Amino acid sequence: MPETKHGDKFIVPIGPQHPALKEPGHFEFTVDGETVTGASVRLGFVHRGIEKAAEERTYIQDLYLLERICGICSHVHAMAFALGVEKLAGVTVPERAQAIRVLVAEMERIHSHLLWLGVAAHEAGFDTLFMYAWRDREKVMDLLEQLCGNRVNYSINVLGGVKEDVNDVIRDGILSAMDYLETRTVLYLKLVTTERTLIGRTRGIGIMEKQTAARLGTVGPTARASGLERDIRLEAPYAAYLQYPARIVTEQTGDLEARFIVRVKELYESFRLIRGILSTLPGGELTTKMPRRIPEGETISRVEAPRGELFYYIKSNGSDKPDRVKVRTPSINNFASVMATAVGHKLADIPMILSGIDPCFSCNDRMVSIRGSEGQQAVDWEELRLYGIEYYR
Amino acid sequence: MSENMKSILSLLIFPGGLAVMAAGMIYEYIDRKLVARFQNRVGPRWFQPLADFIKLLAKEEVIPEGIHPVLFQWLPVVAIAGALTSALYVPMFGVEPAFHFTGDLVVTIYLLSILTLCTGLAGANVANRFSIIGATRTLTQLFSYEAPFLLALFGPAIAAGSWDIAVIEQYATSHPWLMVFQPIGFLVALIGLMGKLELPPFDAPEAETEIVSGALTEYSGRGYALFRLGRSVELVIGLTLVAAFYLGGVANPLLFLAKTLGLLLIIAALQSLFARLRIDQTVGLWWRSGAVLVLLQLLVLIALKYFGVAI
Amino acid sequence: MIVTQTEENLEEVQTLLAQLAIAYTRPEENRIDVILPPAKLVEAARIMEDTGFWYLSAITGVDHSSSADTTNEEKAWQRVVEGEEQTGFGYSGVLEALYHFCKGSVVATLRVRMGHANPNLPSICGVVPSASLYERELMEMFGISIEDTPVKDHLLLPDDWPVGVYPLRKDFKGFGQPEVEGGANA
Amino acid sequence: MKIGSLIGDILKSFFKKPATILYPVERIHAPERYRGQLFWEPEKCSGCQLCVKDCPSNAIELIVLDKVNKRFVMRYDKDKCTYCAQCVASCRFACLNMNSDQWELASLRKEPFTVYYGKDEDVSFLLAERAATSHLHSTE
Amino acid sequence: MDLPKAWEAALVDLKTWARINSPWAIHFNSGSCNGCDIEILATLTPRYDLERLGIKLQGSPRHADVLICTGPVTRQARERLIRTYEQMPDPKFVVAVGSCGITGGAFEGCYNVANGVDKVIPVDVYIPGCPPRPEAIIFGVSQLLQSLQPPKKAKNRNAIVTNPITGSTPKKGVGE
């Protein structure tokens, strides 16, 4: 890392992390005395060069390549890409296929939120909640496996529709699992709003005002926890969300607790949508014919991933390979918001802000090393936090 | 048998050495199994702690660069020796302690702290940032729970009017359970024990998601095995002490088993119930609630004693 | 309450940016593309900001050359500068940056174009702070230089990445297998 | 605010049967649609190569021994496959299918991952030919 | 004097037994899509509960015996992967999980990846799948453990299923 130092300005790097669950990142904060004057992030520990590879492969191959940008919200990636390409090709996808896409998307949201709840609990050292959340998540995973043929990277999309259909057995299975999960969600909501040891680590932490959240382009539950009504499912309905409208869940406080609550409450919303879809699933075909060469043009495809708006830009040149595919994942928007909220804060606040935005951050290496004039000085997360307490005393 | 032979035997085999180690492993297994069951899973097999221990012994021991190698190697030995020695003063398995003298309660408690101190030193000795933070946290936590824990064990001592563990135990056996009269002391002792063993929710010093494995991050192989075993041994001794003092003594092996296992059940449940406390929350908890409450109770006890009320 | 007033929003953008734009198109019913000279970019971004398009969804870089025709790029660029080719897409020798601003279902895209030889852009971080990450991506992936952006470090690529190699340009063909594997064994 | 809200649940779990499936001891079956190892039937194949073209990870290769008589051998790499079933969807003659029961694919070596499908005589012909050429190379 | 020899053999057996029954793992993401990672994490949760086989996930490479590695190894991750591997004390084993950790899978040929873990560090077990089911991961790990078993006892211990894949003989799929 380049070490820069002007006067009493230090660079404070955080990360790259201990190898564990999600994307590793690396953050650097420039501090002037006490105040953070700049922040930067370094990603790319999992950068594989997918966007370039997408230009070199056919649309069909890209569908699976892009699905593998991320195993947690793989379906929305494939769906966003498929919707975009279908738009470019001028193909109308059968209603039943669109409904099944939405069904899988909502099931994916449930799995993703439960996964997040578990990981966040694990981060807070609450292993029992982690175990319970993941145990209940297995219900959804089983159903996805039954419906799509795989637990992760479902690959249910093809260009022009979906591969698999919902039959009666699967429908009944999903409905009864939804009932079970609903009773469990009651417990989770109770836990995140009343369990004292948990609240001790979430309430009032990492507050982001609505205005800030809006200006920084925060997306997804992080934005909604700050009271921002941003949800692509409503703003620009795609696939079958016009027929099955979602309802927005927001909280006003904008702290970590609010983010817990929003995510848990969104589970209810997903249960409702899934029940709606299954009770009035339109009939008809699953796929429609797709050309292999996509007419020249460009399009933008936006979908609401579990973590917020996912943005695809696809440009075709008339051949069977795209000319450019730009993927903007929700996480990067939320990174931007941390980077910017950090500026102007005291150094002592940084750990709070980082952990407050998204659990992915908090599992990035908690190590901070301050590069001062007397060589390197190691400061850990905890010391920094204690230092913060001291500072505010 | 000469006195010397007897002490060597009791140090090596019973109750000092092998027996306590075996008990440590069994109790560790039960603890892990219980937690697993509370989390609705199967949990480890019965020989798991033994396999872990042997495997660690058989592993390569990496000595990191830039540290004091002698210290690095001997700290674990001292740690476990401390824990084992303290077993000599505790009425294990309902049998009279191997040694006792007036004031051995204080000695035992300090022997029990040796492990923690060694852990702290071991962490500070290593030039790994995680270890150092872990060490700092370990010691911070030590200072926070040590005093309340000590005070909590003094309650029964005052009631019995002796600092001799065996005498207190006899007093506890012949009187109604002290837990009823000194509920605060009991709770603080039990939770203090959890803090001492760095069990969740007091596991901030070795929080995996924050600082990898805390002070022992750099230890591999034998050293790590000994530290782990030492902790299991402390678990047994701590449980014994609490059971002997607060649960009406451990007069025979059956009672001993029943009572310590009962305590273990409570501890395992507590472990599964809470989110980890941050180190400042831990410190706050101990000083603000733990210490103050026990102190109050002690004062009441002393006052009662002074006025000659039978407790 | 989320309101989608697609048409009104589109009209608004169109009128407000009229004096800055070289041209605009309406590729889809919820989209408007406004082509701008790089010098007007910051001003346009500020106008977007003021009209409630404060949400910058992404910045996309596009290399319009097909890898075969980079030889002609300067000529092609000349045609763009001279205004022969101001709308549409698919012409060669041009790098383009697309700033996607969103409001409700509307996506308004500011498009600025540059030649391959010396691509330059002003930073809009002063107006939209969250643009920083995307601008870094443009710099390292396309080699567009953005002088006044706050942070210029690599975002995605390794620190030992060769200078002057921009993976998302069409003339980048990868390093080939041996290089990567050889590197792995080192 | 409450402390220990989970107490009811952990007690329930304690007395309940664990949610664990004892996998290596008891073998379990994946659902019917599960996409395990790919299989290919030579009889129906027309040699159109669509499956190969659409595969996102170059996991399959159709080796043509004799185009006129439709003698094909399919090389399949289990370690490259992403188990996406695009090839199955692409094939108009339903030559391909993914077996829901063959998912225990782990191996200590990489060699078993490459398999050849086809009529027995074709596969042995191909393998013999390959062995011969590799022998030639090594003696050179 | 036969006794020392017999003792030595017993000691070796004991060590092997302990090693097989207490494989502690550390998990390293070298550029995977998270798919394999969440499946690895899932193996620890109540449904699969690897603790019953003695497997524990460790945070420190110093405590680990098995390095579970996912992803095609990006340029940035390579150094750290090697470092993590070197920090582990002997004996150590590497498990490559997922097709992209074995050959690069869908990312084969991308400019920023090394196409597989074994291009960087030696690998002991390969577990293909994208991602492999948690059961398949357990199966792979049990293959590794079985291979540590002394040959004579390899069969009937631990009730570990044997590898159903036998060489390269072509098989017909079920359901045809």
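As written, the chain order gives the labels A, B, C, D and E, with residue 1 at the start of each chain.
Everything that follows uses one rule, which is that a contact is a pair of C-beta atoms (placed from the backbone, for glycine too) under 8 Å apart; a residue touches a chain by one contact, two chains touch by 3 or more.
This is a predicted model, so every value here is computed, not measured.
Participant: Please report the smallest number of touch steps linking chain A to chain E.
Facilitator: 1
Participant: When I count C-beta pairs in contact, which pair ends up with more: B-D or A-B?
Facilitator: When A-B is set beside B-D, the one with more contacts is A-B.
Participant: How many Å are there between the centre of chain A and the centre of chain D, using C-alpha atoms for each centre?
Facilitator: Each chain's C-alpha centroid was found; their separation is 31 Å.
Participant: Centre to centre, by mean C-alpha position, how many angstrom separate chain B and chain C?
Facilitator: 63
Participant: What is the distance in Å between the mean C-alpha positions of chain D and chain E?
Facilitator: 20
Participant: Quick one: chain A and chain C, Cα centre-to-centre, how many Å?
Facilitator: 25
Participant: List, in ascending order, every residue of chain A touching at least 2 other chains.
Facilitator: Residues 18, 44, 47, 49, 52, 64-65, 68, 128-129, 131-132, 135, 138, 145, 150, 153, 195, 197.
Participant: Which residues of chain C are in contact with two or more other chains?
Facilitator: Within chain C, the residues that touch at least two other chains are 157-158, 167, 172, 174.
Participant: Where in chain E do residues touch two or more other chains at once?
Facilitator: Answer for chain E, listing residues that touch two or more other chains: 45-47, 49, 52, 59, 76, 100, 105-106, 109-113, 130, 133.
Participant: Which stretch or stretches of chain A touch chain C in the complex?
Facilitator: 1-2, 28, 38, 40-44, 47, 49, 51-52, 87, 214-217, 229-231, 234-236, 248, 296-300, 302, 309, 311, 313, 315, 317, 323-324, 326, 328, 332-333, 335-337, 339-340
Participant: Chain B touches which residues of chain A in the complex?
Facilitator: It comes out as residues 18, 121-129, 131-132, 135, 195, 197-198, 200-201, 362-363, 366-367, 369, 378, 380-383, 385-386, 389.
Participant: In the complex, go through chain A and note every residue touching chain E.
Facilitator: Residues in contact with chain E: 16, 18-24, 44-50, 52-53, 64-65, 68-72, 74, 115, 118, 130-132, 134-135, 138, 141, 145, 150-153.
Participant: Please give the residue numbers of chain B that touch chain A in the complex, ascending.
Facilitator: For this pair, the touching residues of chain B are 38-41, 129-130, 132-133, 136-137, 200-201, 203-204, 207, 209-212, 272-281.
Participant: Flag every residue of chain A that touches chain D in the complex, lowest number first.
Facilitator: So the residues of chain A in touch with chain D come to 57-58, 60-65, 67-68, 128-129, 132, 135, 138, 142, 145-150, 153, 155, 158, 163-164, 187, 190-191, 194-197, 199.
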